[in-house]
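Accompanying notes for the structure given below.
Residue numbering begins at 1 within each chain, and the chains themselves are lettered A, B, C, D and E in the order written.
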């Protein structure tokens, strides 16, 4: 982890876009929201997946979405990213309607989706190539980040030669190189071990501090949500609707780990757990 | 979770094999070990994956294996299950050498591996079919467990119609129906949300109490390891070797969650975290 | 009309393999079927059609009892590296009625004008030899002729694709042109070189048939010769017999061709089918001279009149 | 409903464009730009096809019989061969090169040899059909068996399943999509195989009918026969597709 | 090292079994069980093949030219067609049925028509080769493009890639294994196509050579020609395999 801190300068230098005009506090949420999701409904055939989901993400805010497995979180993200059309409802990015339009948000999907025909370095450099950077330049940029993501020495490997966790880190590196002012993260740390996960958390916090994007994270780890977020939305079981949201006090990030571990945030954790279980007890669905 | 407790009777009735002669304490570990892994080495081409791994699992004991992503945990399990041959070393089950022999342990793999051409119920019933149970009887047995695993109503669905979490639960149900006296679990709860995961933990504890198998669990969630285990092995980064093991005090399971949440086990958690990070600081590998 | 089939049980099956699709060369066989001559001879005749002329091989290997072939193929077959055990047993037509044909607009007045023109054929070396032979006669240069394998492409179709002359049976393609009122320049082979007056087509049988089942073959040839004799006398009716078995043929074409061939089946021979050793010797010599054969042909091995009806 | 409509309008569009193409062809022939003896007008072909149905039908039945026996035997033989090649390295090593070589020998040369060896019955035709159909089914099935996800076979093995059980319960179902790809190819080409078999020698069948028509310059009848051959081939293809949908309901992508 | 040894011993085994098969064949012919005019002995065929190489070679070059032009044009046309069919629903709807129908028309009937329409030059032969090769390449490539993982195209889309970029950077590479499957089929059958084309009409080429040999009952020369045809077909197949290994190094399963 010391590694990270040492490398922050390098990371910062390489990030593109996103006004990094110093650290600002969360008061910015008073401005117009970065992302507004309004009354989204979606069914697959007879299966109602999203009932009526509305949420907001303010500039520079980090918001998590918790919900039972299969409730429709990935579906919601797909719709926000413009990859799927909702049956009803609208998506606004910085007050523009973008329902069904892609490219406005950076989307890290649940699967790693590395291209089997590209070496790891070219997989990572993909977003740069798409935005028109030359192959040489794109590779250079990507290569510099390989040590940071613990992938040094695997630049020339094909994805099939990496372990699950390494693939996920390569995918994260790719997302990092496609930074937008709004970032959607769908269980980005699912396959990582506890230590790496912890390190990724810290790294994410430092990146966020530099880039200051607005971020929406899907996770099934309550601790992770508490650690990283300014706010947490709780979704009901399928068909999903927003059951409530929980504001987290103080600044997110490393500082909060201690609060979490010392039991200081016990009350909030209990509230989240209660909200999540409530969906179950409503008998809306027979899942555990 | 009340759900589970209510259904325990049903669950118990259905389990096969494994002498369920009442609850016994962990003293049994004085007997000959159920599983002995001796000096396993394994390389893929030039990539050394397992350096020299030895471990033991006593009857009725629940042992977790923690290690960084990509260190070789799945590889180790494959070798124990007899699906891969080690370059050196031996596997003993109840004092029989079984290196390279399959069928002696129940193995829940990291991927869900549901067969796309079978409906969920037939996927779940697969182990029964393989052990010679008639199709009708096998389906009946499996169907009874669908509510317990939160899959009621999806018996006739094909796996492609399930969400990630639902698939994992279906795979768990299948493993449940292939109970052996030794069970290997490779990140069985990876894709589950926090609530479901908690419920699966409790359910697992109750199943273990009934079946009393010896179980080896790979996880990257330290809390999970602490909650469920009698003992925890810590692996170094690749090439993996056992860096140490941690004994956990008292009885595992539900009781321990409180100890964990109240910070009572803080010391042990710190020790594990230290051991895990140590591997990193050794500079054995450039991962985060 | 077609006679009833109730007597089939006592009839011996007998297979005739054609050399081409059914045409007026085969009429005698169809007449014999239609008139019931084969039944009277105790035979149930089945007619089989191969399009690629592999008839000689089929007969040699015992697939079929009698086949339609041509003297040049029998000669080839008898002198091949691995000789085929077949013999000609009857000539269908006494004289060679084939020759080179061209369209008037190609300005070919004699075989000398083949120079610089394109010949369309079946791609055999024999054809090369024929062209060379007829050109040698009139002092033409064979090396200036372009040879093309036209495969199954039809006569007039090939002329549209740059072919200038082809080798035809007058009794079929020549008559067709007449019927269709298309003008044709025709150079009969026999007029160019008498050595080329050979038997085409002929009936062949395998040596094992000749040895082991001579009676059956005799009865077949007897009935067949009655068929051809009938066709000589009643060309219009015989055309009807052919058409009953090959309904795609233009009836007018069949009738005209039949009338032409009525003169040719027996012609100057004492009776239908007989062959002269001299013809076999001469033509065999021609083929050898033009380098088509590895060894000289022994005419005795290639044909026999022994199984033809007496009188 | 909408899907139904879309389907209808798509079929309509196809029909329109194809109609236009055939219209153009008709026009070219009618106006004499293309002489009818080179390419008959579609209307003429259709008329001939309808009129000569009763004459073609008996030939068609003969050809269909050869196709039926051929596909059935090719399927059975290919399945067994693929399973054996997959399971026994030695069988694969010997057979695979032979199979590939068999595909590089022109049918037009082999078919007459078959007749030479096996006579004029249905057998040589069935053999040609087998020769055409066996390879795609066997090779596709083998590929399917080979490419079964290693993890899935491991799963079966870890549950104590034996080699045969893994072969039939894990690999064969996993190979089904490949097997059907092979069957689709086989269905498309089986009629052609039978027709070539007949073309090169025989007493009856669509092939014989076509040679006769061609040599009699009845080009409209040749095309009428082609029409029937295409129609039957496509029906066979659709039949395979239907079977695939029936047998593999989990496979959403069953298409041509 | 061990892999190398295994390979050698495998090749040895194949050679042994094939040798035994050919030995049996030789014996059957030599002993007269099979008459040599029906099936020549392999030794004779080999001898003829060697002896007549200088006579066959010019024909071979002619045939190879047709194959070369044919495969190259079929490849280019099939690639473009597959891309168009994938991208434009209307193109697919019209072309796909036509393509399938084209496969159900016997070559043996089409080749003479091609000659009728295009003469006796190289063109009709190239067309036959195209007809044989186009379909497998186009259909396989289309299938590859269609079956590209939706998630991967979504990934590109979410990064703001346009339709063309997705087509060329995501779908085309994902379709490569399919494309090569098609090419392998095309390579296997291209020689046959050219030979059939020549068999049914032409001035030179292996097909013409074979007709001549057959009509002169030189069956050993027919078989010698078959030998060369097989050898060339298999070389073409190996060439495609080699190209696949070269172009798709990440694909471990590149096999026949």
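As a working rule, a contact is a pair of C-beta atoms (placed from the backbone, for glycine too) under 8 Å apart; a residue touches a chain by one contact, two chains touch by 3 or more.
The shown structure was predicted, so the numbers you read here are calculated from the model rather than taken from an experiment.
*Asks:* Under the document's definition of touching, what chains do chain A and chain E have as common neighbours?
*Replies:* Chains that touch both chain A and chain E, as defined above, do not exist here.
*Asks:* So which has more C-beta pairs touching, B-D or C-D?
*Replies:* When the contacts at C-D and B-D are counted, C-D has more.
*Asks:* Chain B and chain A are one sequence twice: same or different residues at the contact, by the over-half rule?
*Replies:* same
*Asks:* What's the distance between the Cα centroids of chain B and chain E, rounded to whole Å?
*Replies:* 51
*Asks:* As a quick test, compute the distance in whole Å between the mean CA positions of chain C and chain D.
*Replies:* Averaging C-alpha atoms per chain gives centres 38 Å apart.
*Asks:* How big is the gap, in whole Å, between where the Cα atoms of chain B centre and where those of chain D centre?
*Replies:* 50
*Asks:* Quick check: how many Å separate the C-alpha centres of chain A and chain C?
*Replies:* About 86 Å, centre to centre.
*Asks:* At least two other chains touched by the same residue of chain E: list those residues.
*Replies:* Chain E, residues with two or more chain partners: 38, 112, 116, 199.
*Asks:* Can you tell me which residues of chain C touch two or more of the remaining chains?
*Replies:* 52, 54, 57, 61, 152, 157, 160, in rising order.
*Asks:* Who touches whom among the chains?
*Replies:* Here the touching pairs of chains are A-B, A-E, B-D, C-D, C-E, D-E.
*Asks:* Contact residues on chain B for chain A in the complex?
*Replies:* 1, 3-4, 66-71, 74, 110, 147, 149-150, 152-153, 162-166, 168-169, 190-197, 199-200, 203, 220-223, 261-263, 266, 273, 276-277, 280, 285-288
*Asks:* In the complex of these two chains, what residues of chain E are touching chain A?
*Replies:* On the chain E side, the touching residues are 149, 151-152, 154-161, 165, 169-170, 173-174, 176, 248-252.
*Asks:* Spell out the residues on chain D that touch chain E in their complex, using ranges where they run on.
*Replies:* Counting only chain D, the residues touching chain E are 10, 13-14, 17-18, 38-39, 89-90, 93-94, 96-98, 100-101, 103-109, 113, 116-117, 146-147, 188-189, 191-192, 195-196, 199, 207, 210, 214, 222, 226, 229-230, 233-234, 237, 253, 255-256.
*Asks:* Across the complex, what residues on chain C touch chain E?
*Replies:* 52-54, 56-57, 60-61, 73, 76-77, 80-84, 120, 122-126, 146-153, 157, 160-163, 292
*Asks:* Please name which positions on chain C make contact with chain D in the complex.
*Replies:* 15, 20-22, 46-52, 54, 57-58, 61, 63-64, 152, 154, 156-157, 160, 246-250
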